[in-house]
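Presented below is the structure to which this report refers.
Naming follows writing order (A, B, C, D and E), and every chain is counted from residue 1.
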Amino acid sequence: MSRTLSMLQLYLALIAGGCGLLGLAASLPTIGAAPLMLIFFAVSALSLLRLVLPWSFWLDGVLAVLGAWALIASLPAEGLMPLHHWLALIASWAFAWLFVERLAAAIRAGKLPETGTGLVIPLIFGLALIVIWEVVTRGASVSPVLLPAPSAIATRFAASTGILWADFVQTFIKSVIPGYVIGCVAGLLVAIAVDRSPFLKAGIMPIGNFMSALPIIGIAPIMVMWFGFDWQSKAAVVVAMTFFPMLVNTVAGLNAASTIERDLMSTYAASYRQTLMKLRLPAAGPFIFNALKINSTLALIGAIVAEFFGTPVVGMGFRISTGVGRLAIDLVWAEIAVAAIAGSAFYGVIALIERGVTFWHPSVRGGRT
Amino acid sequence: MEASSLGLTFPAGDGDIVALSDVNLTIDKGEFVSFIGPSGCGKTTFLRAIADLEKPTSGTLTVNGQTPENARKDRAYGYVFQAAALYPWRTIEDNVALPLEIMGYGSADRAERVRRTLALVNLSGFEKKYPWQLSGGMQQRASIARALSFDADLLLMDEPFGALDEIVRDHLNSELLKLWARTEKTICFVTHSIPEAVYLSTKIVVMSPRPGRVTDVIVSTLPRERPLDIRETPEFLEIAARVRDGLRAGHSYEEVV
Amino acid sequence: MEASSLGLTFPAGDGDIVALSDVNLTIDKGEFVSFIGPSGCGKTTFLRAIADLEKPTSGTLTVNGQTPENARKDRAYGYVFQAAALYPWRTIEDNVALPLEIMGYGSADRAERVRRTLALVNLSGFEKKYPWQLSGGMQQRASIARALSFDADLLLMDEPFGALDEIVRDHLNSELLKLWARTEKTICFVTHSIPEAVYLSTKIVVMSPRPGRVTDVIVSTLPRERPLDIRETPEFLEIAARVRDGLRAGHSYEEVV
Amino acid sequence: MNRILPVLTILLAIIAIWYAASVWMNAPWQTRLNERADLANVPFTEFVAQTWAQDKPVLPSPHQVAGEIWNATIALEPTSKRSLAYHGWITLSATLLGFAFGTSLGVLLAVAIIHNDASDRSLMPWIIASQTVPIVAVAPMLVVGLNAVGLTGLVPKALISMYLSFFPVVVGMVKGLRSPEGIQLDLLRTYDATPWQAFWKLRWPAAMPFLFASMKVGIAISLIGAIVAELSNTAGGGLGVRLLTGSVNGQTVQIWAALFIAAGLAAVLVAVVGRAEHMVNRRMGVRA
Amino acid sequence: QDALTLQLKWVTQAQFAGYLVAESKGFYDEENLDITILPGGPNIAPEQVIAGGGADIIVAWMAAAMSAREAGVPLVNIAQPFKRSGLMMICPTESEVTEVADFPGKTLGVWFFGNEYPFFAWMNKEGIPTDGSEGGVTVLQQSFDIQPMIQGQADCISVMTYNEYGQALDAGYGPDNLTIFNYTEMGNDLLEDGLYVMEDTLSDPAKVDAYTRFVRASMKGWQYALDNPDEAAQIVVDMDDTGAAELAHQRYMVEEVSKLVDPSDPALDEATYDRTVKALMDQAIIKAEPEGAFTTAVTDATN
């Protein structure tokens, strides 16, 4: 009995090995139909030996990959996947999880370096999701107009880079970026202005909170009506969406400096400007970045929604809505992939800047954000 | 500095809290005054009132012959808070330079002063560190350096040596005395330690709580020049005993026990 | 409790920090041991190692003849942290009852113990208050009550009286001595105050930093029965002087100045 | 009292600007209408009144919106299909269900992330990525897909609402459950408390303020989710459907009325969560 | 009773009066049918709904249905109540468009989401590029109202005779200040609202029978609606879950729709079908001539 496995890991190992054993038995009647699958089942069954022999976690990783490969290689061209192949899906998923569990444990124990391997884990998770998606859509022959397989989406992606790029430029470069910048800067400036006057603050904050709860979907058609079809109306929606989170967060942030820190400034008879620049804005940094991060995902969603309500015939939202109408669902998913990649990258960039600028905050010093 | 029948009340939900009541005290220029008293007796509050961080609700208070507000606007004092209150986004050096920046010192002058005051509190070599990279005692010393970096006539220090161990404390005590002797500053100093109060002060103000008031003002008979071993002289012990008695008298704790 | 050639190193980005190195120490049952030393010399780290909150990187450590881990699982000790660490959402009463809940004491027993220990630290009447309604010193006393509420043989106390003023401190010192005399607990006590260490202990461990090591172990010659005024006896002052010398010797600070 | 005055002032200012804007924005069309009807030299006051009373204005005037809200709520039976109260209720039920799903999912994920290294490392980036997927785009397909597996009506809407609202809860709860300081965890270690005890006696109570802060964001987002879902699931009505049909028919007054009801609903929901927070705080002895 | 679900192409309005009236008047019950009518909307693709099993019968335009057929959703037309197209393009006089030759350089509003095919087929026929190149037109994805024309954002906009055109009339536009391009009159019409089902269900005689009864009852509904336009409009308003339908507008719509529907003959006219298919192939909307994309089995059986 290996002592290096935790309870969860043990269960996963049993599931993986058990599915291998069952799968092996179930493939015997059709032996030779899917040789790769047979090999996978055999090795998975062998992995049960870990209970008596040491079994490196790298082997688990290799098995997860082998399982994924075997599954995809033996997917039927059409019709349903043989029933026992689903066992392979469960087994390779369990191997992947087990691998990740043990990898994380190894990193924690300091046996592996944090950088690099830390990135592998989310990647594996994503890959596992994609493999499951591929196998389920194709194995259960889900209609491509309901959910296309990732491979089909990737093919479409590769074939339509021109369209995707044009849409990306229209939506992201022309609408999201200007809207985001204007909305955030305006939110910040108004927050600073409001902060000076308690009267304005008392008046605007409840309304700001009210507005930030406003469903933007409703604003989108109005903005299209006001600012026309092109990117201006989309940017306007983005401004409206990003303004209030920034306002609310910055006002909270400007109050984040502690009394004693402020008293210190007051003992120096520092001017309002000096207090703002040297104390309150730096102290508000984490709050401002919080808003910047929230807004980075909101902005993209806002622009895309706005494009549902009228556009020139280009843009991610346009392509998505017409794509659904034309049942070009693979193109729709390709656009969604672009949106997700762009959005994550945007978020990542902001998070990196945050690490640099608010290096002093405990949440950053402490490690992961 | 002069306070007459000073009172300060904090409004609170369930009845007001009287933090100071009928405080009469005169502090002359160049004096070293220690405040001692049980927790919550209003020492911090009194210092804050001098610094114009709280407004007295009754009585009058003048600092250098002006209102506390004008004194503050004149940048007449340096304040060392009970907590270090360093800005985490600034290095130690930049933290010490903060008041200098605000008061518009030139950058060469600034660098020179920072160097000098950091050396004084024995933090040379830590200029580029951030506050969270220092131990609590070092942070406290940095905050003392910050208050010393500009030449205020009046120093308000609220338990500045609370977080330090005895040896460092002794060292800083004698440094502070030297500084005081050299610069003729007026110093108001809050402490919980009787020997520290006696060792440093020309005048010891004993306070008692609920409501905060001055129960005793002891003028030290010790000479201005004080080696560390003055603390074993009978004169010293006598003053210390008097302070302890004053403290015990005002101490509500004894009654409870 | 026995430590032999104990070492503990924290891995850090720029070179490891050696917090303890080659510590040899034996503490017998029923002793009262004080640890004294400059800030950062590893006192807290040593206590945490005993409490199995840090793993020594070399040497051996046994507590009650077992590994620290087993001792912890046996709930062999109560720990008073340097900060009060009360849970803000629990009343004082509930905070003190926390270890009892976790260890599965019955509710009547729990109430009785809470009442008794709160009375001991003089907090009767504050049962229903929340921590923020108490002054720092009262919070610290509540945390002492929490460590006393269950009957651990070993008490680990990390500067428990740091935040208190002298009078309260004196009172709690004598209470602690009484408790110790009555219950025959073993107590490990960290302090920055030399008189306190001398007054309380049967054994004083002087430590010095970089790397943390024991430089002197002073066995007290004072009787077990100690009135407060024992602090003015020559015997007391002599031990205190010895401790001060040990402390100064190990103090890197002196070299720098 | 001293909170009401500033709010009122700002509100009045907004309404004044709004009236002015609706004159300005509706004027070109009104001029065209008047030209077409051969009305020359309409006096200014009358012209202003005209711009405030258009049938399908670019920007309806405040009293038009207020009138529509009145007509569509108070003046109607709440069970009438024309009543915004009826549609508000439909949206509200999807919102509440979605919020319940979202909060539970968020808390569960946060607990998994806290207690398991592997899920901590693998989940968080993907949870963030999930929010960059434009849900509006996925919603129609999701509705059809759920339909294919037999889920119709309230549940698909609630799931979309959940998709949006779980995010702030995960982020907040991960922060909250990690908020106890090392010393507080050490304390429990000295008592040899089980992970279960540590969770209930320390992590959970410590996370309460974070939970409520996230729930306030979450419930507002839930509402947005429910409305987005209704754009793709018009059967049965709801405020989203009202917005949609208003937009389809160019009935700006109807859009604005639905929008205000939605925002009002959001405000009420946030206030309810705030109220709950207040009560829990009182029980946990948080300082007023 | 046979339960069938009908997915409409758009929100509940008089465009679908026949079905709504048949349901409300109990014509479906008489045929022993239990019909659920699902409204559509701008984000709902009926072709996708039926592919996902959310509906048995959908109302769709032929261009979209044929395109979906190629995308792997085997739709079959079982009846074609709408004989003519209601689609028009209108240009206010200010836009100075009076004939097709004026189009180049103009901005035209078009509906997408499967409604764009007739427009592109038309432009294709006229040889006007739509991809933004020289001498072509700029295409806008238009909202489903006449705001783009009122706002002057587009020179010409798409309207349905029975819906948006009415909004234009209400807004003070009319034949005297509009240039109207009627797709039917130009011979550019593609078949609009038809009834489509999944191909595999047609091999089940019981299903075919249910469809037959459905079409028969629906046509009865249409007949009733055309005979009693006021009542039909009221029924539409009553059956609208959203409460957004306005009686006057629905009344207008019934009137206009009646010009497009032939309640006595639901059968698909093969000549129009061929023309539609040819237009779609010319425009490369579909690549291959569809096989078995319609059946007369149902309409034959209704007689």
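Heads up, the rule we're going with is that contacts are C-beta pairs under 8 Å (C-beta built on N, C-alpha and C of every residue); 3 or more make two chains touch, one makes a residue touch a chain.
In this text, all values refer to a predicted model and were calculated from it rather than measured experimentally.
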Count of steps on the shortest touching-chain route from chain B to chain E?
2
Touching chain A and chain E alike are D
Quickly list, by label, the chains bordering both chain D and chain E.
A
If we define chain centres by averaging CA atoms, which chain lands farthest from chain C? Would you check?
E
Among the chains, which is located farthest from chain A on the basis of C-alpha centroids?
B
Report, in whole Å, the distance between the mean C-alpha point of chain A and the mean C-alpha point of chain C.
48
Taking each chain's centre as its mean C-alpha position, how far apart are chain A and chain D in Å?
22
Gap in Å, rounded to a whole number, between the CA centres of chain C and chain B
30
If you average the CA atoms of chain B and of chain D, how far apart do the two points sit, in angstrom?
52
Shared-interface residues of chain E (touching two or more other chains) are 42-43, 45, 48, 51-52, 143, 147, 151
Which residue numbers or ranges of chain A touch two or more of the other chains?
146, 221, 225, 308-309, 321, 324, 329
Touching two or more other chains - residues of chain B
none
All chain pairs satisfying the touch rule are A-B, A-D, A-E, B-C, C-D, D-E
Quick one: in the complex, what on chain E touches chain D?
11, 38-45, 48-49, 51-54, 143-147, 150-151, 167, 170-172, 177, 240-244, 246, 249
Which positions of chain C touch chain D when the two form their complex?
48, 51-53, 72-73, 75, 77-79, 81-83, 85, 87-91, 98-99, 101-103, 130, 132
Can you list the chain E residues touching chain A in their complex?
42-43, 45, 47-48, 51-52, 64, 67-68, 71-73, 110, 112-116, 138-143, 147-148, 151, 153-154
Given the complex with chain E, which residues does chain A contribute to the contact?
143-146, 221, 224-225, 228-229, 307-313, 318, 321-322, 324-329
Touch list for chain C against partner chain B, complex
37-40, 122, 135-137, 164-168, 171, 192-194, 244, 247-248, 251, 253-254, 256-257
